[in-house]
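Given below, in the form of structure tokens, are the structures.
Each of the next two complexes has chain A plus one more chain, namely chain B in the first and chain C in the second.
Here is the complex of A and B:
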């Protein structure tokens, strides 16, 4: 590049001028600037500000705040049954989703990867589609499916000789409903990720095993699954963080069934984001909601870190 | 052209090397497996068929919930959604323009940043990429209250810009994905462009973008889907009824189920219509999706 510059002028240039003389030096910063600027204003600054907010309480909706020390955090851990409900629901929902979605997703991915199957692309699309749909629509599908009088679930129950069940208004069905909808929405999505992972496996390894007489099951168990560890880690982390962010489905299912708002039947249906939203914008306790946000933030980091460890992600990704 | 990279790996047909003798067996296996796949995908999608049928049914003629066809066919619910009582055309229009602005700008910003992080040499590149990865793993939604407070201080509450501005810079995941793809752009191509006197931005717009159409389309699809489907943030930022976006409007109508016998039905019909947007984008870009996902996972 330097050969192009005129030798006489070059000496007099300051370093700054030199830096700006070649757009190769500064253009990259312009290219990454939009993200970092919007991130700084709308995410990082609020994040820093929320540290202080969590030790304060908002005075109604006025924009005035007063310091309350650690009272918010004390309240979360000693005097808030609903937060306890949200923690319990998160744990059960995350564990339930892992148990129900991942084995089926693996099985589906194996089936979709088989050359014996015709129309693989079409099936892949069909199973992936629910995860593209709005969460709101998935919630509505759930509302209809579990409707007491007009639902498919009860029609099946009745056809099998049972009594109609009040799926949506009894607390013991909160998690089963939620897990059913989540299964619909996400299982195919996980399967496509796993399928992509299977595509990345070196076929010669599998062929070698086949020649050595390994059965289908042995090949899956001892070659494919271990090689899929990074993908499975990714999927598992998606499932758990997704459970942490669960909002749309409770918002659709629980509002309109009368009374309890986003807390669900008997207030047993709280999840983190509905609860934070409710505290901040229905009860106008923004400081308290922020403190809950921090506790959930901490939970998320611990859980994700634990999962990365568990799957030895660092090692798998070199 | 559905035969993507994924399909070349086989797990189920171990006896293949033995050829000819087994052709009849293979064909039978193929028919069995394909039938099985058809059956489970129909079961899997059945509730969707039923809900579409429900949205085309007169509300006072309850249909058999086991079957997807309406008992008394009508477009009434869809028509009502656009009537002055429900004015969903307003919400749809709000959403269309907000989502268009977000999708165009954020896709552009993510692609540009991903390109810079993958192909350009500059001090701080590794650090910035590290920051992107960390951001990607942080659950920033938990901070929505302070985000709202900052937005209120900026006078952006109850303004569409409160939805648009935070999103236009692109997202960490989008940038990460783009960066993984941009690594494939041959450096010699860029060098050749520079030799010919192409500006840095010209390299991106004239050399990189045409090669990266597929990935950019995937990113645009994800961005449309995210903005179009989002419920929580627009619910908080736009509380004035006339300014609502589609998803919050559907949920608000659904919450009136007890007071208005049409509420849940119309909410459902609109919900089905609203699904068409992400669906169409996905269908159009889906052939790039699997490769996109595989590429992202390699990081």
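Here is the complex of A and C:
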């Protein structure tokens, strides 16, 4: 019987030897190893570690971590009004951005795609520029724009016969202020993407519709917009994910104009990232901040999945 | 000459052999140093003595010990001229190699705890904004990442030289975790000619009642000659005037035990005084404040020394500035007792491997004035050091009106305490204060809500 086992072993060894004898077998692994090693060390491990951290609590810098189970998650959903404010602000800010930015971006893109418009390149650049400016700078411009004493907003209000408004001190203006700045910053950017989408539409389709007597509105409604669906899906997803990541502008506006801190007037101005930052680096609750981060991640997955389905992303156009 | 190209197999073989050679060579032990035997014949009272000395070759002097490397983080850009200038002085004095790293406030507050978590990359000495040190004063001494400085201060030549009220801010349970870099007493900077246009001589303004009456003279709708609005005072709810009102009423955000002070009578009284300025004030405009005050668009501003230093920028020297410009400095209403706004403090990091050296360097840099170093700091930055024993020496007083009255205000600056609860309490107050100032809620409502929120936040973040 023993004599039967020996050839099997030899065969097994020879397979390993065979594998290493041929460089083509193992060399690709060597070449991709640097990526996977760095990915594992700098991304995968921190990611997995942060899952564990969300079930722990610590000030962080002492190195002592206390296991708290699901207490952080329970607190987020049952005992954290500021997180509720951040969720509400995210929903309203995302919806407001979609409603205000995308229609104007489509209109602007259609205007800029017109062959009769002169200086299209200049207009494209002008509308695109705010999106490449740092968020902090946009926040500072926002602070000036809404300044009670010297801001352009109140200059317009006064010119129209109204009284100066304390835009930055009252809770009812938090979202209108944010949406105004976001509109200015991102609308032109979206328009450039949509413009690129329009450029990709086969002109013969539009010409055929024109010959068939379709009006401008009919061409936009029944040809351009359906063909732009993937681009609009992309823009809508970036608008919503951008709303999740809203940080610079609220941080500058709320901390740069008063003592309200990152939460804004009456604590009604919390957004996710400022709140996570505050929990981690002002209150030193690293575990809790990490737990909020994972909840925000879950929200991002759900919302993006919903949008992909809504826009039938990846499915053939009808 | 024929060129030979390496094929892939040869290249890999060579590369792997080179790598292996490199690894092996680094694993080799150091070559043993060659011993040299020196035989010397000494004649000693008629007999020969042979002395054999065994030594390592070559016989050279032992290498000098490497200087200790210290990493120093700070965030105030206006400290840079002094620190750069004194780098070699510190290195020679303490036999160190000193590396400065300047980080903005946000970067420092995020990077510092993460370096502690990583156990690497942290500084030996960290100079932070005073509000940021307070955040770390959470839990017991074991959990606070800074070295307790009491014993070192007591044993230093600077004990008793430094304004105690500035240590109090960085002290918890009797343990001092930071050395104050500055004092920052608040004065009133005003545009003398501008006020006189309204018939107000600010020299005669002594009390808050006087000051509000002066503001009323200017009115709510004053304008410049070109039609731009004009304001009696530039001030925000978080800035120097508010801090002055609080300290004049004996309150801060938290007391020595960390208890919120929002609901105390003194806190309410402070803001009842402060709000009287509201109709005549404009919010602090960081970008334009210097021009607005110089031009007289904002007729006055409450300024600590560092903010006065910003106004002073571009002026040849302090005396000329005060003499030639229409701007003047005086005590705040009901002064000279005033508030304090801002501040930086240096701490030594517990994880540092050179704690003793770091403490020596910090104390020397902050408090030594044997060669007039602190005087130069004041001249360079306009920042008054917290060392009263040196305030009487030139150039603090030497003809400098600004320095003189800042010093008088600094002498009577009240103590106040901060710890990790203080930022929570100030944020809770700030959230409601903006609504109160905007007229959305009353002062009593703002105080009640802020106090409740502050206590809830403290409870949650224990």
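Heads up, the rule we're going with is that the second predicted complex is superposed on the first by the 272 of 318 C-alpha atoms of A that agree within 3 Å, B and C clash if a C-alpha of one lies under 4 Å from a C-alpha of the other, contacts with A are read in each partner's own complex, and residues count from 1 in each chain.
In this text, a residue touches a chain if its C-beta (ideal position, glycine included) is under 8 Å from a C-beta of that chain, and two chains touch if they have at least 3 such contacts.
Just so we're clear, the structure is a prediction, and the values are computed from it rather than from any experiment.
Engineer: Should the superposition on chain A be reported as showing a clash between chain B and chain C, or a fit?
Structural biologist: clash
Engineer: Tell me which partner A:297 touches in the superposition: chain B (first), chain C (second), both or neither.
Structural biologist: The answer is first: A:297 touches chain B but not chain C.
Engineer: For A:227, select first, second, both or neither according to whether it touches chain B, chain C, the two together, or no partner.
Structural biologist: Touch status of A:227: no partner.
Engineer: Contact-wise, after the overlay, does A:85 reach chain B, chain C, both or neither (first, second, both, neither)?
Structural biologist: neither
Engineer: After the superposition on A, what does A:263 contact: first (chain B), second (chain C), both or neither?
Structural biologist: After superposition on chain A, A:263 lies in contact with chain C alone.
Engineer: A:179 in the overlay: touching chain B, chain C, both, or neither? Say first, second, both or neither.
Structural biologist: neither
Engineer: Give the label of whichever partner, chain B or chain C, reaches more residues of chain A.
Structural biologist: B
Engineer: Just chain B (first), just chain C (second), both, or neither: which does A:105 touch?
Structural biologist: A:105 sits against neither chain B nor chain C.
Engineer: Now for A:150: first (chain B), second (chain C), both, or neither, which partner does it touch?
Structural biologist: Both chain B and chain C are touched by A:150.
Engineer: Look at A:239 in the shared chain and tell me whether it touches chain B only, chain C only, both, or neither; answer first, second, both or neither.
Structural biologist: neither
Engineer: So in the superposed three-chain picture, is A:23 touching just chain B, just chain C, both, or none of them (first/second/both/neither)?
Structural biologist: A:23: touches chain B and chain C.
Engineer: Now that the structures are stacked on chain A, which of 98-106, 152-160 or 170-178 shows chain C clashing with chain B?
Structural biologist: Superposition on chain A puts chain B right on top of 98-106.
Engineer: Could you list which residues of chain A make contact with chain B in one structure and with chain C in the other?
Structural biologist: 23, 27, 63, 140, 144, 147, 149-150, 256-258, 277, 281
Engineer: Using the touch rule from the top, collect the residues of chain C that touch chain A in their complex.
Structural biologist: These residues of chain C touch chain A: 9, 12, 109-110, 112-114, 116-117, 119, 135-136, 138-139, 142-143, 145, 229, 231, 236-238, 282-283, 285-288, 420, 423-424, 426-427, 429-435, 437-438, 440, 453, 457, 460-461.
Engineer: Flag every residue of chain B that touches chain A in the complex, lowest number first.
Structural biologist: Spelled out, the residues of chain B in touch with chain A are 2-14, 17, 26, 29-30, 33-34, 36-37, 41, 44-48, 50-51, 54, 62, 64-66, 105, 109-110, 112-113, 115-117, 120-122, 125, 128, 132, 135, 137-152, 165-172, 175, 194, 199-201, 204, 225, 228-229, 231-232, 235-236, 247, 250-251, 254-258, 263-264, 267-268, 271-272, 274-275, 278-279, 282-283, 286, 289-291, 293-294, 297-299.
Engineer: Residue numbers of chain A touching chain B in their complex, please.
Structural biologist: Its residues touching chain B are 23-25, 27-29, 31-32, 34-39, 41-43, 45-47, 49-50, 53, 63, 110-111, 113-130, 132-137, 140-141, 143-145, 147, 149-152, 154-156, 159, 184, 188, 192-193, 195-201, 203, 206, 210-211, 215-216, 219-220, 224, 230-231, 234, 241, 244-245, 247-248, 251-252, 255-258, 272-273, 276-277, 280-281, 286, 289-290, 293-294, 296-297, 300-301, 304, 317.
Engineer: Given the complex with chain C, which residues does chain A contribute to the contact?
Structural biologist: On the chain A side, the touching residues are 23, 27, 59-64, 75, 79, 140, 144, 147-150, 166, 168-171, 256-267, 277, 281-285.
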